[in-house]
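Paired with subunit B in one complex and with subunit C in the other, subunit A is shared by the two complexes that follow.
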Partner chain A sequence: MVGVDVVSIVKDYGPARVLDGVSAAFEPGRFTSLLGPSGSGKTTLLRIIAGFVTPNAGTVSFGGVDVTGEPVWKRNVGMVFQSYALFPHMSVRDNIRFGLDRRGVRGEVANREVNRVLELVHLEGFDQRRPKELSGGQQQRVALARAIVTKPRVLLLDEPLSALDRRLRQGMQVELRRIQRESGLTTIFVTHDQEEALTLSDEVAILDRGRIVQHGSPTDIYERPRTRFAASFLGDANFFTGQVNAGAIEIGPYRLSTQDSLPAQGSAVTFAVRPEKMNFQAPRDGARPMNRFGATLREIIYAGATSTFLLADDSGSELKVFLQNRDMAWPSIGARVELSWSPSDTILVSE
Partner chain B sequence: MATRIAPSLPARLSSRRAWTTAGLLIPAYGWLTLAVFLPLGAMLFFSFLKAAPFGDRPLVFTFDQYLAFFRRPYLFDVAWRSIELGLWTTGLCALIGLPAALALARATRGRARQVLFLLIILPFWTNGLVRIFSWTIVLREGGVLDQALHLVLPSAPGLSLLYSYPAIVIGLVHAYLPYMILTCYLSVAAIEDSVVEAARSLGARTPAIFWKIILPLSLPGLVSGAILIFVPVIGSFMEPRILGGRIGVTMGTVIEDQFTQAFNWPLGAALSFIMLAVVLLIFGLTSRILPGRVASF
Partner chain C sequence: MVLVGRSWLLAVVAFLYLPIAVMIAMAFNASSLYALPIKPSLQWFVALAGDAPLLTATRNSLAIALFTSIVATLVGTLASIALSRQAFRGRSLLKALLLPPIAIPWLITGTAMLVFFFWTGIGRGLHAMMIGHVALAIPYVVLVVGTGMEAVRVDLEEAAMSLGSTPVHAFVAVTMPLLAPSIVAAGLFAFAVSLDQFVVSYFLSTPGVSTLPVEIYSSIRKGFTPEINAISAIFFGVSTLLVLLFAQLSNLGGNRGRR
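The block that comes next holds the complex of A and B.
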């Protein structure tokens, strides 16, 4: 098991800068998601790690050894493509054996290895089929088996689940995680699906316009986003802008406190509050001081287990609250309500 | 009432559709029947005659024309030479055409690709005779090729390719190469980039990628190109006659002679059918050798 380090990677396509000094450490054996909107450079970063793309500047190293100038075939990476990219003229067995064959592993040894990964992906008995005789999920698993049979130094996944339907995708997420744990491979996973990134990963790196804006554990990234982009791209967030005054943030008549350290007196700050952290009634006991904020209820979207409440604050900007439908004593539409949330859920973000 | 009409409605629609389909197909198939089977039938009829029924000669039926092929051993040589010509031409077209198709499909785009395609299709737009005679200017002694060689190597002996076997092959390859490039292009263009990248990520270098991925996936294009080239080449007569001179005796020229010089239409017709049988036999055998692989993806 080796880790992957990228340092100050820059990539330009013509006048467009796709990656702008990206540095990241992918720890040995960990599952890291590169999450970002399309055009954020996440796929380019993955292709640079694989060796399909040469960066204009910066280095890629596997286990501390610089591989920036090494061609793809020498790097010993396993890659799963969005379109699976199975060899259509070969059987499942020959597809999986291809990488072993290139490494001079043949005959009985190769057969044993193929059987081992076929078992790992639960495709025993499918080895003589052609790719087009398999379902999407099965093709996906062949692609994965083909990528890991050579025991690569790093497993690279380029949105491998995005072509599957929702139910199959959820099943494959569990499978993928199990296979990754069993094989212990350092894995880098590109996705634009935030839920997928949160459920699958040990770590998530959020990319925006060619930069990694935040890199950490899923809870860390979700609970403590550092920028407005990170907060809004991963999950929903309500944003507030106010002025620092005597250890709190002032917005009109409201004084809101936070556990984050505040900048100098008088400066403008933005903070985010997750919609599920908010409530309509503050707890009566008042053990902890709660932040309070007035708003008008505009709409209720009922969705069985939960409801989404759309509100407008005094300046007219929209706020969102998620609540479980435990008791249904909701205020009526048009009513003036007071929102409350804990100071620890008041997260300062930079613009 | 409505329930009685409803079941008959789909039936009426489908019968109307059948008529429409028939109406669209009949002109094409009618024309093909007239244009292919009538002359072919007439030729088959001729091939069983003793002599062409010109004037008031009586119709005498015989199998002699088919036996003539076996009675004249030189015709076997001619037939083999025609097949050999077909193999050379097809092989060279594949050798030149596949790399060209690869380059076109994988390395060009937009306007450059359009212009390059135009250049490939250009031979189709030039008259066959003009094309062949222009080759005689290039290949004869003191021709363009000869002079170019002496410009580089003044001491070289005179170079005359005209009236030789290579000259025929050169002319034929020139005429038929576009078919091979176009059919190969269709196969190669269908190969996904990610398939090649997957092979590369699994440790394959360029030669392995060519032999294990590109070539097998190009096979359908190579085979259909070969069929499109091989058949007309073994029946060709213009290139062998003009570029081959005395050497250029092929099935095509022999058959042509029977119709235009010797006026032995029955023999010409019989030879044509023997050639047709040989071609069908060759394709029957090759389709056995390439079992289902071509059709399976």
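The block that comes next holds the complex of A and C.
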């Protein structure tokens, strides 16, 4: 179990800079998601770590040893592809045995190892099947078994669940996490699905146009996004822009406070508030000072356990509020309401 | 609707096969004047065995087809692999240049070869026909193997490399087995292209050295005998077998690669 470090990775394809100085530390045994929109460079970064792609600049090291110049077949990585890439002309057993064979592990020893991982992915008894005789979820698990049987230094997965339907996907997420915990592998998981990243990961690194804009625990990133992009890509957010005045943020007639440190008097600042942190009235105790902001209710989207409220502020921008359907005493559509939220949920973000 | 569809199809098939069916039937008819009813006989097939020029031409045809099949498959397969796996300058131009020869009339290709071979001193004869047929067959091989190559996804080789295979081992262990049906199919196709070739062979043959189609053509000019029906029937049988094998294999290759 080793950690993976990438330092100042730059990758150009022709005139296009795909990765622009990416540095990140992937701690031993941790599950890190690389999250970002399509085209942000996730696959390229993963393929650089695997050794399929050579960066223009920067280094990749495994356990502190520089492997930038090593080709993929010498790096001892486990890779799961989006398409699974199972060898169609080999049985499940032969697929899994392939990597062992390359390492000179053969015969009974190899068979025992194959049986061990088949058990781990709950596919005992499927070893003589051809890949095409398996369901998508089962193929997925064979691909995983094949990648981990060699006890690789790092497990790399490129959107492995995106070909599965929603229900199967959720089941596989749980499985994947269990298998990762049991095998203790340092894991880097590429996804563009924010929910998947939040539920699966020890850590999330957010990529935006070839840069890692934030790297931290899921709660850290969700509760304290540092940029507008991070706040809007991971979950929903309401954005406000105002001016710093005497330790608070002024937007028209409203004065809003935050626990983040504010820039100089008179600067323009943007902050984000998560929709579920807002409410229509201040808590009854009234002890804590709350931020208040006027808006007009435009629409209510009822979804059983929760409802989403769409509002417009005085300048016409849309705001969103999520509430549990506990007492259902909602204002009516078109009503003027006052939103309130805590200063600690008022998060300064950079543009 | 279904009935119209089926009778139409039957008519088309009859149109395709009727002349051949008549030819095959007459090959087994004792009468040399196409007299009916057919009196079954193998005499024309027996007569073939004594026809020395026809036998020599058959041997030539088979030798040329075998040579063409092996060489064109080897060269064409390597070209296909380079085209689909290697990135280099001018690749798309080269790829585009490999296919038009299929559409160029053989009369033109044959004339060009005749002139070129004369000019370079290669001349005519068995060796010239071998070279000519290889050139004719390569584009077909590139087409067939190239299609097979598309079906073998690049990520299969990458998966093998992530598991410790060098690029060469990945190719041998993963791509080759998946590509094998396409390669065999291409070989059969090249064989058939060579065997059925007339125009180019006619141009490149010399009085002593010809191929079966050329020999059939010249004996028709000398005067038709039912022997021609017999040899043509055999020829038809072999060609059909090759095409059926080809269809079987190329289908197999497609299904396997797709997953």
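Just so we're on the same page, the second predicted complex is superposed on the first by the 351 of 351 C-alpha atoms of A that agree within 3 Å, B and C clash if a C-alpha of one lies under 4 Å from a C-alpha of the other, contacts with A are read in each partner's own complex, and residues count from 1 in each chain.
Keep this in mind: a residue touches a chain if its C-beta (ideal position, glycine included) is under 8 Å from a C-beta of that chain, and two chains touch if they have at least 3 such contacts.
Since we're looking at a predicted model, the values are computed, not measured.
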item: Overlay on subunit A: subunit C relative to subunit B, clash or fit; value: clash
item: Partner chain in contact with A:Trp73 - subunit B first, subunit C second, else both or neither; value: both
item: Touched partner set for A:Leu34, first subunit B, second subunit C, both or neither; value: neither
item: Partner chain(s) touched by A:Thr150 [first = subunit B, second = subunit C, both, neither]; value: both
item: First, second, both or neither for A:Val92, with subunit B first and subunit C second; value: neither
item: Touched partner set for A:Ala50, first subunit B, second subunit C, both or neither; value: both
item: Contacts of A:Met290 with subunit B and subunit C, given as first, second, both or neither; value: neither
item: Contacts on subunit A seen with subunit B and repeated with subunit C across the two complexes; value: 50, 52, 72-73, 76-79, 81, 83, 85-89, 98-99, 102-103, 132, 146-147, 150
item: Subunit A to subunit C touching residues, read off their complex; value: 50, 52, 71-73, 76-79, 81, 83, 85-89, 98-99, 102-103, 131-132, 146-147, 150
item: Complex interface listing, subunit C residues touching subunit A; value: 153, 155-156, 158-166, 169, 173-174, 177-178, 256-257, 259
item: Interface residues, subunit B side, partner subunit A - complex; value: 192, 194-195, 197-205, 208, 212-213, 216-217, 293, 296-297
item: For the subunit A and subunit B complex, residues of the former touching the latter; value: 50, 52, 72-74, 76-79, 81-83, 85-89, 98-99, 102-103, 130, 132, 143, 146-147, 150, 156
